[in-house]
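Here it is, the structure, as structure tokens.
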Amino acid sequence: MEYIIEMLNIRKEFPGIVANDNITLQVKPGEIHALLGENGAGKSTLMSVLFGLYKPEAGEIRVRGKRVNITDPNVANALGIGMVHQHFKLVHNFTVTENIILGQEPTERGRINIKKAAKDIKKLSETYGLEVDPYAIIEDITVGMQQRVEILKMLYRNAEILIFDEPTAALTPQEIAELMEIMRRLVEEGKSIILITHKLKEIKEVADRCTIIRRGKYIDTVDVATTSEEKLASLMVGREVSFKVEKDKAKPRENVLRISDLVVRDSRGLKAVDGLNLEINAGEILGIAGVDGNGQTELLEAISGLRKVEEGKIELLGKDITNMHVRNRTETGIGHIPQDRHKHGLVLDFKLSENLILQTYYKEPYSKNGLLNDAAINEKAQELIDEFDVRSGQGINTMTRAMSGGNQQKAIIAREVDRSPALLIAGQPTRGLDVGAIEFIHKKLIEERDKGRAVLLVSLELDEIMNVSDRIAVIFEGKIVGIVEAEKATERQLGLMMAGSTHDKEEGDM
Amino acid sequence: MLKFITDEKNQRFIVPLVSVFLGFIAGAIIMMITGINPIEGYRALIKGVVGNPRRFGEWIVASTPLILSGLAIAFGLRTGVFNIGVEGQLIAGSFAAAAVGILIELPRFIHLPMVMLAAAIAGALWGLIPGFLKAKFKVHEVVVGIMLNYTALHLVNYAIKILPGSTNTKTVDIFESANLSSKFLSSITKHSRLHWGFIIAFLGALIFWYIIERTTFGYELRSVGFNPHASEYAGMKVERNIVYSMMISGAFAGLAGAMISVGTFNYARVIGGFEGYGLDGIAVALLGNNGGLGILISGFLFGALKAGSSAMALAKVPKEIAEIIMAFIVLFAAMNYGIKRLILYLRKEEK
Amino acid sequence: PEKEEPKAPEQEEPKATEEEKQEEPKKEATEDFKVGFVTDTGGIDDRSFNQGTWEGIVKYAEEKGWTEGTEYQYIQSNEEADYIPNLSAFGDDNYNLVIAAGFLFEKAMKEVPPQYPNTNFAIIDAIVEQPNVASVTFAEEQGSFLVGVAAAKTTKTKKVGFVGGMDFPLIRHFHAGFAAGVHSVDPSIEIVDQYAGAFDNPGTGQQIASTMYEQGVDVIYHAAGGTGNGVINEAKNRVSNGENVWVIGVDKNQYADGIYDKENNKSVVLTSMMKRVDVAAYNIIEAAQKGEFPGGKVTALTLADDGVGIPKENPNLSDDIIKTINEYKEKIVKGEITVPNNMEDLKAFEENLK
Amino acid sequence: MDFMQFISIIIPLMLTSAAPIISSSIGGLFSERSGVFNIGLEGLMMVGAFTAATVTVLVESSLGPISPWIGMLAGIITGGLFSVIHAYVSINLRADQVISGTAINLLGAGLTIYLCEIIFNQQRTVAFMNGIKKDDIPVLSDIPLLGNLLFKKVHITSYMIILIAILVWYIVYKTPFGLRLRAVGEHPGAADSMGINVYKMRYIGVILSGMFAGLGGGIMVLTQDIQYTYATIHGTGFIALAALIFGKWHPLGVVGAGIFFGFSQALGIIAYQIPFLAELPQEFFWAFPYVLTVIALVAFSGKSVGPRAAGKPYEKGER
């Protein structure tokens, strides 16, 4: 058996779009096979076909050489195919165990035998080094742990062929490294893996072969070891891409934001930010590096006014904004690209034009005497989508919900940058986006810096932090444990600081 | 014709129209199954609505409160609250209008606006309670709304009795200067009770559309309704806006109540149970697509069914048939996905 | 009284009192006489005044060989707001006589008739002064007095109950008359009373009845329409648990509603306070057709003309009790007792008893 | 009225009015736990009550005392059948569930009375003789003190429904069916990817809600009324909806909420018999249970969130 999975000439259409057009994918047993493509290239669709969520219009699927008809996920499960979805499919208020056994519950006289299930899961997690607490509730655990739950779901069902759809988008560097390790171990145990990702580095690191698709079409299947990152990238986007973020040296000016002894509690009432001090100047990008859950979210929310400050002081342009209402902060000079674009960034049921004035709708010329001025709104919206290359079906009249994630993000950036705020907060601005979009967003952040704004960048991706920032502050347990010049920072040094060792100590270590 | 029906642009009103059509077909089928001639039934209905000028006037009278309660429900739905408390707010508004109409006498041009204002304020205040509790304590507005409906019913029954001159069943008549009735309207419709309230319903629909679609305030309310988190992020006062939504919705409900006390009756009555205007409002709002114009039209449609059902009963069709037809119309409106699929299918055939 | 409810099989034949003498030949020269009836929201089978009125109309119509839809007809009101349009609808169609029952029609009966001077109107339970409106009222307090006597003679616990629907002056007639009757027999009997706030809430009726019975009340008189269903239901419950409790029905003979043992035709309904709206309706039509329509006048129906009273058959009342009832009836008819019809008069009446 | 008497009066009253509320509320729980709002409980109760009354009337001459139970069974079945409309429209046709529920309410009210007119030629059913009677619960009523207070002269249906609620708790929280039902209501996409048939689970949820609402209607008419009329259900479906939210979508919470409603309603009745309270206007007593509920809601406020996916139609492949 040469191939464990063969998807031959698959075609899948959605109203108005051919998501998969004659795509072929052949996976060898025991390999990690990467599936690479831009946003919207059709990767998730192809995998959904394999997993039985969609029915293809044409093409055939063979599993272990036998032609199969995968009509629903049950069939896929039975064939030993498991999938970790791009957006986790976990029930937020169920325990880890409940999520894993759902649909295949071990019972004892009609009652779920939860103890046995938990024990099985514990054993399974030890076998593969996937540490989880079987009784923890999903919403209380980290994203990384949620992902382990997703993987355990597959293993619990004895999946042989594991599909990972963009598994690293939401993970911290440590978690990514762990995941890579896990994948290798899985392959050693005899599993085969299909890995979907935008991140070339990850492909280079773990994948054996890589299939590239572009705009729904099959491009090529290559051996990863013998193909350079540059080559992969150009196959993916169809042109040359540069990875270096082009920027001049920062010319920092006056202070814009000063945070002193800040204490902020998280939703559970624990001190998430605990005596934090930080300063940012005009004309520089300050990156905050740190493992997820060390107070980044709470810090951003405190600065932008979405969360109450317990103690300490925040000054913007010399003004105390500690207890100011969101609206006043915005007007004083904050632009905010929120981490969660669907929750905070957009009103998905508004038209694009309406979302583009979300911060300014009450001001002239968009509003006059309490009335909306459509002409002015539309004009502005058109100007922004042209300038920021926001693409969508019906232009400014598109329902925002119907737009792709990358374009939604561009719309938010357009709106926030356009107000020329003294301080631009960017919370994970490129999460889940493809290289093209990432490139664009980085360019915009640097442009803003060069215009003399202070940019506060929070990202879980160390590469992004190191490439874009001028200075890097490392956050650990709600405190800034050290600040380093980006140019001089090394990944190893930052990694150690993120793990809690202080600047000094780290120097000593070296 | 087929082209018109299948045109994407026209779906917004084709779907409701098809629902109405299918609703009447379903009503006809029920009549047939139960041995009643539907043609006779519908002839009676039409006669009952436009058979003579008086009936025409009564049709409008019946539609007026429905339109306003539809607007009340729709305002809530458009701004993210489910105001099931319209019934109670309507009762409160109905009482307040009557009270102001009874307790003071003023020139009509001041008195009448005062009466309307009182009704709107009473409805708004009764709406404020669930709004405030939702905003402040995260208590579900549906439960509070249901509870406050009963509370309004009983407290208003009590309040009516303590107004000067009231009997245990109703208040005295409202001063001439405070009621909406019009000799002129009544005379052109052959003594119907047609009153100026329909103007208020039209104005209500216009104001509704204007607030929701045209004003900055409406933009904020819709934003909060769709996504409170993003609205907070954008610097809006989410809690305050929830309260405003409920209050404005309640104000529409209060006006609907005024239509009944100072329009239809000219006095306030002790009632033994709900008269269902609030629930009818849900149907009106839903069929009207939660839009000002749509609600006007669906309000008149349901008003026709109500006003005409007595005439149907005269033709020996149980009057409940009107309610059944209403139910089917709402059901078909709910099926708009199915209807759209049907239209899509028609479109394919066409090609 | 008032609105709603009960249903049930055979009711006593509506009897038009005096009319039996003058049986008229069928299909007599009616030259187009048309009678319309507007119900309140209860409908023609409300087991109460709407049903009674309609039965009177139907009886008359059948004697004349009329057909429903041509010579006589009813419209049911969906809600209170329909009263005026429904009365007008008959006016528009040039009906000769339009009848409505219930004091809630009072206002509508003031407004509609002036617009239809060629149509006669009749209202039952309220008084309207219009030249083309005849008003019919009932001395409910007199009938209630008699059932009060029955209750007083029946109670073992010396505690009886009254359940009203809504607290309307009309319902106070029942209340006051009942209390007067009870205390005329035995002033030491305690009367527990409560209004339910609705004529259509059997659950509340049941709860009130349960509370009363639990406190030792053993006879309850209800004047509460559908709410009274709950009272009857509670009594059935208790009787089948071996308790000895009774209900007194209202408006019509409710004996059938209280049957808990069909074989032996046993019912919890002790007796009923009947209000002969059927007779009233019958008489009005007859008068109108004869050209003797009492427009602008009030016809007060009392015990004297059997407008109110208890049923002919009272299986649950002993002959002894019936005898006592008849004695009181005599006194009321003769004017020796003036039965109070509101709480103030009741107070005075009870003072007198001492 | 001394305290013991007060208690012994109020408990049976409370249990009687709580039973239909709890039953329908549990119906709502099944539906909403599966992800489908059901504001049509009122209409479903009407259908159940109408059928229960009609069947009882039709069979009682031949079947005697067991006829109300047959009637109740019929109510459960028609409630279930009627709810298929709601299921089809909101699950297959992805209708707005509030609209569909509203239609069910209108339809239930209209159709039942319409059918009364067709079947009985009047706007209500004929009265039945054999309702469900209050009775002593065997054995339990012999327990000293407690037996007297709790188990004497009560409707057995009240205890039946409380036992059912406990069973429902077990099913919803301890069995694979329950786990799947809740998963479908919280995250249908997750359930789907685990091979659970979302549509099937939702159908089951909605049909169970119809059956329980039908049972609630049947209990209501057979214990509190003597026939079905337009007023038999007067708003109890909405109270049940409130109880569902108040009880935080939990079977035992729902029992608590139902008993609370029953208690405060009965208190409103009994308070009038307490001398010094009787001075107050009666309307205050009638409003009392509802005001009390609002106060309780505020007192016990906190996040009361329903199933996350409730109200949202499920489309395969949606993200």
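Per-chain residue numbering starts at 1, and chain names A, B, C and D are given in the order in which the chains are listed.
The rule is short, and it goes like this: a contact is a pair of C-beta atoms (placed from the backbone, for glycine too) under 8 Å apart; a residue touches a chain by one contact, two chains touch by 3 or more.
Keep in mind that what you see is a predicted model, and the values were worked out from it rather than measured.
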Starting at subunit A, fewest touch steps before arriving at subunit D: 1
Pair of chains joined by more contacts [C-beta pairs], C-D or A-B: C-D
Centroid comparison with subunit B (C-alpha atoms), farthest chain: A
Centre distance in Å when subunit A and subunit C are each reduced to the mean of their C-alpha atoms: 76
Whole-Å gap separating subunit A and subunit B, where each centre is the average of the chain's CA atoms: 47
Euclidean distance of C-alpha centroids - subunit B vs subunit C, Å: 36
Multi-partner residues of subunit B (at least 2 other chains): 154, 157, 273
Residues within subunit A bordering two or more other chains: none
Sites on subunit D at which at least two other chains make contact: 231, 234, 283, 286
Chain pairs in mutual contact under the definition given at the outset: A-B, A-D, B-C, B-D, C-D
Partner subunit D, residues of subunit C touching it in the complex: 4-9, 43-46, 167, 192, 194-195, 197, 200-204, 206-208, 210-211, 214-215, 226, 229-230, 232-233, 236-238, 240-241, 256-257, 259-260, 262
In the complex with subunit B, residue positions of subunit D that touch it: 85, 89-90, 92-96, 98-100, 102-107, 109-111, 113-114, 117-118, 231, 234-235, 238-239, 241-242, 245-246, 281, 283-284, 286-287, 289-291, 293-294, 297-298, 301-304, 313
Of all residues in subunit B, those that touch subunit D in their complex: 30, 34, 82, 84, 129, 133, 137-140, 142-144, 146-148, 150-151, 153-155, 157-158, 273-274, 279, 282-283, 286, 318, 320-324, 326-328, 330-331, 333-338
For the subunit D and subunit C complex, residues of the former touching the latter: 1, 5, 8-9, 12-13, 16-17, 61, 120-127, 129, 131, 133-136, 153, 220, 223-227, 229-232, 234, 265-266, 269-270, 272-273, 282-283, 286
In the complex with subunit A, residue positions of subunit B that touch it: 214-217, 219-220, 222-223, 226-227, 229-237
